[in-house]
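Look for chain A in each of the two complexes below; its partner is chain B in the first and chain C in the second.
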Partner chain A sequence: MYEGVVQDLIDELGRLPGIGPKSAQRIAFHLLAADSTDVRRLAAVLVEVKDKVRFCRTCGNVAEGEQCRICSDTRRDLSKICVVEEPKDVVAIEKTREFRGRYHVLGGAISPIEGIGPDDLRVRELMTRLADGEVTELILATDPNLEGEATATYLARLVKPMGLRVTRLASGLPVGGDLEYADEVTLGRAFEGRRLLDV
Partner chain B sequence: MYEGVVQDLIDELGRLPGIGPKSAQRIAFHLLAADSTDVRRLAAVLVEVKDKVRFCRTCGNVAEGEQCRICSDTRRDLSKICVVEEPKDVVAIEKTREFRGRYHVLGGAISPIEGIGPDDLRVRELMTRLADGEVTELILATDPNLEGEATATYLARLVKPMGLRVTRLASGLPVGGDLEYADEVTLGRAFEGRRLLDV
Partner chain C sequence: MSLYRDEGVVLRTQKLGEADRIITLLTRANGRVRAVAKGVRRTKSKFGARLEPFTHADLQIYAGRSLDVVQQVETIASHGDAIAGDYGRYTAGTAMLETAERLTAEEKEPAVQQFLLLVGGLRTLAEGSHPPGLVLDSFLLRSLAVGGYAASFDDCARCGRVGPHPFFSVPAGGVVCASCRSAGAVTPAPETLGLLAALLTGDWAVADASDARHRREASGLTSAYLQWHLERGLRSLRLVERT
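Now for the complex of A and B:
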């Protein structure tokens, strides 16, 4: 509907995840009216990201060199690996400051519906990392949904012969939430995982 | 939270309208995993758009040259101008194939709250276009909201001395909609604007 390059821009923006045709149009017109230097900066950072950003050879997290910041940090606890689905999960856990070990980013979760099996994830790389026996605890922090649970169960069974301590993040009520608004599965899990109060 | 350029990309994406921090992160990781040629194509079209796209000297619509496709089309009816707020409104009206005249894009609507007055819109340019007397009908197609109505009223008063036929798009029930779901203002307008059925 638009003239040449404007329509090209709307089409390209519409390919991004979560951007429908209306949003793509709105963003395109915002960019048309925006300062040229701002738009060029966005274009430049897009190119730079593809030039510079690699995935860490060790854990699969995003990295600007061969290894990510966490894997190349010698102060991290080498005895613990926390397995997550995506690089953004690493950031979420880092924000808690609860974990000082290293990560392993699978690049997704097992999903038969989407045709994603263990071979499509960085499972082999994980097994290689566990082979030298330095790691003693594997924390399975895949998402608390169907695919994440299936992936955690699969990995737990796979590493069982290695005799590691394998843990899973607790499910339960979100802190600061309202009990009455929790869904029944979450509430059920909160009951199941109830802890003894030591007062 | 992310390493250098990844965070830069998230920040840049987060500046786009309707893209919150979570969406910016999701899009950034999509781009990280995407094919390099696709991302470079997006970057290239961003630069191209800023290089090529101008606003039509006559009507203010987007254009790749001095004039937009519509203003340079000699088959259009020169006696009618349809006033809209944004270039996307031109596209919406063109899709209806109801209008064969030309447009005038104001670049927004009068909004005292946002500090937008007539001088911030392309009102002076509209008056210049009307000066030669070729135009006989001015269709005010600003949005049917507070700002759009105020803008239409302002323009109608402004051009009154010129003796033009000044019209406003009909308000009423959306076609294919359900009467019971219409808000009361729309339903009120539909009553107000009821037409005699000629059967």
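Now for the complex of A and C:
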């Protein structure tokens, strides 16, 4: 244990995802030794991001206003929605330049063992978006792992009565991986070769 | 430090750091084991797919100082597609995994009967030969029995008087006779008690022929019985899709 504010810093860092007590200690001492302007800049960005960045009220992506950059872009194809788990998946798919429609960020995947069901994700918001009939294709780009597949299965069945074209990224994405780690070429190909999901 | 080899079913995976996962397994010889799988979230990883929940695999694990590390994995049975492609199976199966985890309280304490029960239960679930809800309830009753909490659906759970008896008491551990009956005891339909007995013994002919009303009542009693014996409630149970 360290004294006062140093221990507070280690405790705060240790609450971040993927940071254990040892890493928290290492980062804390790195910050203590670092140049004061660098640390101030980091602190300022942390405050700024919490002040400025919101979640898009339409799609759930990160946004600097009410709506994200993609939802407010009038050139995007309104007939397609691509469903992803996290905002970082939007970034990964945008890099492929394969998709010109809009997104819907669920905020995770259905994981009963973690107590996360459909009501804990932005599923109701998706149904609302689909209700006006403008969307004709729903692309399910949840992670290529068990929870991502199960979430896609659930959504495909839920929207079935709406008669949309429901597609899933082509296999070729390695199972068990995170979508964000797929390289642009592989992800682009998976997008192009997306298959009809029939449940 | 040593390397050990065992077969196991993946119960749960949790993200660790940038690209790793902590895998919780129920193994044949070593009971419940937690081990790190390095780099499996990178899409180039060879064995990410072999360490998804529900997978039954043959593993080589390095016993580390703090956490074990998965070295090699060969799939014995991958039920992932069959289970993730059917939401009812997925939610029932997840409740089975969570139950297996919770009923093996101590890490590395051999639990071979729980292991065999889980392997059989997941195979049945993936085959789709019986309704997922019944497979789950059968698994719950049997794994509780293996854990030392066998319910009685025939003779009185308290005094042993030969049944059938109409009353069911969760704290007593099954049906009770008129004189052992306590305030909280309920009177389920006789068909429900018959279904519960069939699920415990694996009499699928009787179980498959049951109707929806009795299945609902049986699953309610099974859940109550399970929750009574676990300190904390099961997270996944409320999310099980009952049709």
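Assume the second predicted complex is superposed on the first by the 172 of 199 C-alpha atoms of A that agree within 3 Å, B and C clash if a C-alpha of one lies under 4 Å from a C-alpha of the other, contacts with A are read in each partner's own complex, and residues count from 1 in each chain.
The rule is short, and it goes like this: contacts are C-beta pairs under 8 Å (C-beta built on N, C-alpha and C of every residue); 3 or more make two chains touch, one makes a residue touch a chain.
Owing to the predicted nature of the structure, the values given are computational and were not obtained by experimental measurement.
Participant: May I ask you to decide whether A:Glu86 touches chain B, chain C, both, or neither, giving the answer as first, second, both or neither?
Facilitator: The answer is first: A:Glu86 touches chain B but not chain C.
Participant: Does the superposition put A:Gly4 against chain B (first), chain C (second), both, or neither?
Facilitator: first
Participant: Let me test your reading of the model: by the given contact rule, A:Gly177 touches which partner, first (chain B), second (chain C), both or neither?
Facilitator: After superposing on A, A:Gly177 lies in contact with chain C but is clear of chain B.
Participant: Of the partners chain B and chain C, which touch A:Gly188 in the superposed model: first, second, both, neither?
Facilitator: Once the two structures are laid over each other on A, A:Gly188 reaches no partner at all.
Participant: Touch test for A:Pro21: chain B only (first), chain C only (second), both, or neither?
Facilitator: Neither partner.
Participant: Once the two structures are fitted together, what part of chain A is touched by chain B and by chain C alike?
Facilitator: On chain A, the residues that contact chain B in one structure and chain C in the other are 17-18.
Participant: Over in the complex, which chain A residues touch chain C? Could you list them?
Facilitator: Spelled out, the residues of chain A in touch with chain C are 17-18, 110-115, 117, 145-147, 149-150, 153-154, 157, 173-178, 181-183, 186, 199.
Participant: Show which residues of chain C lie in contact with chain A when the two form their complex.
Facilitator: Interface residues on the chain C side: 12, 15-19, 40-45, 47-54, 80-81, 83-87, 90-91, 94-95, 97-98, 235-236, 238-240.
Participant: For chain B, which residues are in contact with chain A within the complex?
Facilitator: By the definition above, chain B touches chain A via 1-6, 8-9, 12-13, 15-19, 23, 25-32, 36, 38-50, 52-53, 62-64, 68-69, 86-88, 91, 94-95.
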